[in-house]
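Pasting the structures here.
Presented sequentially are two complexes of chain A, the first with chain B as partner and the second with chain C.
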Partner chain A sequence: MDARVSGRARYAVDAERPGMLHAAFVRSPYPHARVTSIDASAVPRDCVVLLGEDVANLGPYGCQVKDQRVLADPARHIGDVVAGVAAASPGEAVAAAALVEVEYAELPAVFDPVDAMAPEAPRVHEAAARSADEAVSIGVRPIAGSNACHRFRIRHGDVARGFAAADVVVEQTFRAASAAHAPMEPHAALAEWEGSRLTLWTGTQTPFNTRADLAGMLSIPEESIRVIAPPMGGSFGAKTFVRLEALVACLARKARRPVKAVLDRADEFLTLNRHPAVVRVRIGARRDGALTAKEVDCWADTGAYADCGPGVATKMGYAGVGPYRIPDVRVDSLAVYTNLPPNGAFRGYGAMQSVWASERTMDILARELEISPLELRRRNLLRDGDEFATGEVMRDVHFEECLQAAADAVDYEADPRGKGLCVLLKGMQTPSRAAIAVERTPVGYVIRSASCEMGQGVRRSLQLLGAQMLGCEPGQIVVPDPDTDTSPFDTRTTSSRSTYMMGRALAEAVRDLRRGDGERGFGEIRNEGGLDPDTGQGVASTHWHQGAAAASVSVDEETGRIAVERLHAAVYAGRVVNRPGAELQNEGSMLMGLGAALFEGIDFADGQVTNANLSDYNLPAASDVPRLTHELLEREGAEVHGLGETAVPPVPAAIGNALASLDLDLTELPITAERVLAAVDARAARRAGLEARR
Partner chain B sequence: MYVRAEPEWIAPRSVEDAVALRAERGDEATVLAGGTFLGILMNQRFLAPQALLALGAIEELRRIEVAGDELRLGAMVTHRSVERSPVVRERWPMLARAFSLVASPRVRNQATVGGVLADADYASDPPAALAALDARAVLRSPRGERALPIDELILGHYETSIEPDELLVAVRVPPHPRRAAYRKFRSRSVEDRPCVTVAAARGASGLRVVVGAVAATPQEFRELCDGSPAEVGARYAERIEPIADARGSAAYRRRVIAAEVRRAVESLEDVG
Partner chain C sequence: MRIDLLLNGRDATIEARADEMLIDALRREGLLSVRATCGLGVCGACTVLVDAEPISACLTLAPQVSGREVTTAEGLEDSDPVARAFAEAHAFQCGWCTPGFVLTAKALLAERPDPSDDEIARALGGNLCRCGSYLKISEAVRRCAS
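Entry: the complex of A and B
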């Protein structure tokens, strides 16, 4: 039986070391405040307290911008950690943390990314921090004197010319709320020092990035840090880059004992969420439907710290162009600091927010042009050999097949009422590097890789691929937990890249093993490229994730409650490695997309999360699931394509467009019943207005 | 300094012991029934009880009994037990329906009849259903026993008339009216708490309509119940001052109340 089913699986929350202490944190109750004094004298003497003076000589950290300190001062969001405590039990640690008296001097705060770009807005960070090199795929471009920690641009053609050539131009602004990753297993990390060497057991998708960032912060060589990454009980982007690791490392060094931290659910909402975003789209087309120009402006709210906001804003920016041939394109996408908890990687990496805006706009344009939304897309979709707005020439293009498959699944062409479509392109981390080692054992092989298991099945995929390549049974292949001491380097387990990148690295390693003594082999794959942050030209992705979704809905027009009756996703897989795993990825993605579409939004009041539990914050439940189907499009001899996220971003727009087919225009996610009812009222007012004019 | 990390755990095995301990400790010990609500409050650190008076070990409080025409549900009867009880399903079907719509089976296996009433959380299903069925909550103390209708039990947000020495031990429900309906309107997930609930009953005393989850207490206006279903709905929507929360604004709730009350009352009408 699967160890996850029998309960034998051991996660980071289960990690234990002899003599370990448990951590709890003192968190700021203010969204922006300087710490004026801390008094820990009431804390029992057998507890260890970590205060500002203990970490004053440590460097800043942050995966893309070095703007974080182990302990915050000023605190930049409610929940920012200003002190830490370690005690013999988790309960004692929580009680001790409550005895730390902190006095604050409040500073002005800002909670909306558009407001935060106003000239008079409070500054979340006084000065732009140094860009980090290790985990950035694009040059970080802060805007001096503002809260923008990064702006990404695409300048392709001349949009003035393009809009002049248009017969119809539509413009709309869309919003998407923040959301919780809500993995079953919360963040957990355990740190232990032996002399000057630090070992961490942590649930992470980024063992090497975490090691590098911690080494910089602690001013010690990377090799002095060992990161062991047990399987995660879900992550969805939440467990990327340094989260609890810096805190437990510092507590453990001070305590001279191992220290472990496990977050509770409420703290999860203060730790890392999805970027709320505002996306404005302007698009022009000729009467025949040919797109002539598009402008996309994004404000990605990255919260108190940049984290990977620059990367998210970049992907949000180019995914918002959509998989279309558009001669003239301008994109300006900002990652903006606010005094909300930090926002970071979230399955889809910003694509969902801009695809929602971009694909809803396509249906508004279709209505203006009186062309079917399906036909409008067909006339403009990228095909093999076409140039994308980044200047790269597209190959292995399957958008049209994905879209048609989605449309057919809901019988769109027979009757489009109550039905909606969405098609998307999403890039993969470029540039990046994946290395892997294969060793012969008396009974089979060991495959060492830093690809992290988070329920997505990468371990199984490596076993299946390895068995195929090595001519053995999957059960003869052991894939140990990622360990920076023994696993070869991998950029990280994100952006649906592992099966594709590690799979190809494994093929190299097996070739190497065959060429050599048959005992061991090493393989490494690099994908080269990257975008110029000032023009958006270059190689966004060496490998495109392509997909489409269709939804059909019915609406209770008295209450605005909608029932999603049918949901279908079609995803280009190239070649499927692990069919049950691939199918589950698609289904899981669609469910996550359903949550984003209908229910999930973190509510804030003056920076305070007001629904930091899974009763007030709604995830889709089993009985919310509509008739849900999907397909994996394959091509003989094609490359393996990543599948982990592709079916998330198209779901909200497909549902939004299904409502648009009923003349109900939604611009904000989640699509709550109340927002639908407002759209019903707006439609009635529009119709009454038309009637009156007649 | 001594740090108390865990609350004291008091677990009587009989109702008598529980009533005695409740009288002795008063509000210093928080009564713990199924824990589905208390657990959230404690996890979110809104509440840090010094002591918990846990009723889980008292078998007597888990009984579902019918005495004559009356249903008697022990305070520790779970939502799931009400939902699945053959006698409740047959003779108090509206009650079985209302309890069956709460959250998920996992929550219903834990949440209790006494707990949901004593919490007095506005966003719950059972209070409106029990009110429309004219149920009474039985409160016991060393001073004796009293039985309160729901509108006298629930006074406001998380506020009841249970005295510090009293324990809610049971709920008594009189015979089911000729027709009754329970509608739960969720603005979000199927497993969400209600945005608006309507419990409607037509029996010997005429039409009763109780609207829940829209204000601090279940809302009932006997004087508004004459007229067509649409009229009753419109009047309730106008009269109630709804609260606003994550499940909907006050203005939105008014719209839903009008529709859901009308639908509930319509469903009571005789066909043909």
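Entry: the complex of A and C
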């Protein structure tokens, strides 16, 4: 029986070490405030308190911009950690943390990424922080004197020329709310020092990035840190880069005992969320539907710290171009600091927000042109050999098949009313590197890989691929937890890259094993590339995640309630390795997309999360599942394509476009009943206006 | 205080404070399939069966199970048909919520051996799976239907 079914699976929350203490944190109640004094004298003597002076000599950290300190001063968001406590039990730690008296001097704060770019906006970080060099794969381009920690641009052709050639130009601005990853397992980390060596047990998708960042912060060699990554109870991007690891490492060093931290649900909402975003799209086309020019402006709200916001803004930027042939393209995508909790990687990595805007705009354009939305897309989709806005020549292109499959599933061409489509392209982490080792054992093989298991089934995929390549049963292959001491280097478990990258590395390792003594083999794959952040030209992705979705909806115009009658996604898989696993990825992605479309949004009041629990923040439940189908497109001889996220971004736009087919124009996510009612009113006003003019 | 109960088929005595939640007492006993997640009784990841009824261990005081029968996933046989159906239908991803779903499904099937799709969705409404495995979870429950 699989340990996940029997209940015997163990996660980072279950990790224990002899003599370990439990951590609790003192968090700022202000969105932006200097700490003027901290008095921990009331804390019981058997507790350990971590204060600013304990960490004053430590360096900054951050995966793409080194803008974070172990303890914050100033605090830059509500919930920023200003002190830590370790005690014998979690309850005692929480009680002790409540006894730490902190006085603050409030500073002006900003909560919206567009407001934050105003010249007079409060600065979240006084000085532009140093770019991180280790984990970063993009050149970070802060805008001096502003809250933008990164600006990504695409300059492709000449948009003035393109718009001049257009018969019709439409422009619209869209918003998407922040959202909670809400992995069922909260963040958990346990640190233990033995002399100058640190061991961490932590639920993470990024063991090597975490090790490198901590080594820089602690000024110790990377090899002095060991990161062990047990399977996660879900992550979806939440457990990437340094989260609790720096805090528990510092508490454990001061306590001279192992220290563990497990977040409670409310604190999850203060730790890492999805980027709220504003995306403005302007697009021009000739009367026959041929696209001539497109401009995309994105404001990705990265919150108090950059985290991987520069990477998210980059992907948001080029995903917003869409899988279309457009001669002239300009994209300006900003990662902007605000005084919200930090926002980071979230399944889709910024693509959902810009695909929502871009694909909604396509339907607005189709209406203006009086061309079917399906036909407008067909006429412009990228095909094999076409050039994308990044200058890349596209190969193994299947956008049209994906789109047609989605359209057919809802019988779109027979009657498009109440139905909507969306097609997207999404890149994979590029450049990146993956290495793997295979060792023969008396009963089979051990495969050592730093690909982290979070429910996506990477362990099973490696067993299946290994069994195929090595000629044994999957059950004869053991895949231990990632461990930076014994697992070869991997960039990280993100962007749906593991089966594709590790699968190819494994083929190398098996070849190496066969060439050598048959006992051990090592394989490494490097994918080169990357985009010039100033022009957006280069290699965005060494292969493309391609997909489409279709939705069919009905609307109760009295209550604003939407019923999704049908939801279908078609995803290009190339070749499926683990069929049930691939199906689960599609189904899970579609349901996460459904949540993003209809009800998931973090509510803030002056920087304070007002729905920081799973009662007020609604996740899709069994009874929310519509009639949902999907397909995985395969091609003989094709390479494996990642599919862990592809079906998330198209769902909100497909539903939004289904509403647009009923003349209900939605521009903000989630599509709440209130917003639907406002769209019903706006339609009535529009129609009345038309009537009056007649 | 000492609490006597039938725990996973055996007479047991557990120690707990009078104001302690059942989830903490059970985890202290090593029953780590009972998982603290929402703390509000809305997600079902800490579901246990008390006299065959699914309850949230995060909302139940430990003394409330005195003299009653408590079953956690650890108490299920490897041959348990519902657990087997979940495994065979691949009705899980990360596995965090799975024990709670299995126990809730067992209670549903005990009461309604042949539930409709609507009844399955309703009965599972108190269990959340963020990985979104619901289609295969429903399939697992249907496989057990008589």
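Please note the rule applied: the second predicted complex is superposed on the first by the 694 of 694 C-alpha atoms of A that agree within 3 Å, B and C clash if a C-alpha of one lies under 4 Å from a C-alpha of the other, contacts with A are read in each partner's own complex, and residues count from 1 in each chain.
Everything below uses one rule, namely that a residue touches a chain if its C-beta (ideal position, glycine included) is under 8 Å from a C-beta of that chain, and two chains touch if they have at least 3 such contacts.
Here the structure is a predicted model, which means the values were calculated and not measured.
**Q** Looking at A:589 after the superposition, I want to know if it touches chain B, chain C, both of them or none. Which is it: first, second, both, neither?
**A** second
**Q** Contact-wise, after the overlay, does A:540 reach chain B, chain C, both or neither (first, second, both, neither)?
**A** In the superposition, A:540 contacts neither chain B nor chain C.
**Q** Could you tell me if A:612 is touching chain B, chain C, both of them or neither one (first, second, both, neither)?
**A** In the superposed model, A:612 contacts chain B only, not chain C.
**Q** Tell me the contact category for A:677 with respect to chain B and chain C: first, second, both or neither.
**A** A:677: touches chain B, not chain C.
**Q** Determine, under the contact definition given at the top, whether A:264 touches first (chain B), second (chain C), both, or neither.
**A** Both partners, chain B and chain C.
**Q** Chain A residues in contact: does chain B have more, or chain C?
**A** It is C that touches the greater number of chain A residues.
**Q** In the overlay, answer first, second, both or neither for which of chain B and chain C A:621 touches.
**A** both
**Q** Considering only the touch criterion stated at the top, classify A:10 as touching first (chain B), second (chain C), both, or neither.
**A** second
**Q** In the overlay, answer first, second, both or neither for which of chain B and chain C A:501 touches.
**A** neither
**Q** Once the two structures are fitted together, what part of chain A is touched by chain B and by chain C alike?
**A** 264-265, 613, 615, 619-621, 623
**Q** For the complex, give me every residue of chain A touching chain B.
**A** 42, 44, 89, 91-92, 94-96, 99, 264-266, 558-561, 598-599, 603, 610-613, 615-616, 618-621, 623-624, 672-674, 677
**Q** Spell out the part of chain C that touches chain A in their complex, as residue ranges.
**A** For this pair, the touching residues of chain C are 32-33, 35-40, 42-43, 45, 72-74, 76, 78, 83-84, 86-87, 90, 92-99, 102, 120-122, 124-125, 127-138.
**Q** Which stretch or stretches of chain A touch chain C in the complex?
**A** Result: residues 1-11, 13-14, 182-186, 231-234, 236, 264-265, 454-457, 580-581, 583-584, 587-592, 613-615, 619-623, 625, 628 of chain A touch chain C.
**Q** Quick check: in the complex, which residue numbers of chain B touch chain A?
**A** My answer: residues 1, 3-6, 40, 43-45, 104, 185-193, 195, 246, 248-249, 252, 255-256, 258-260.
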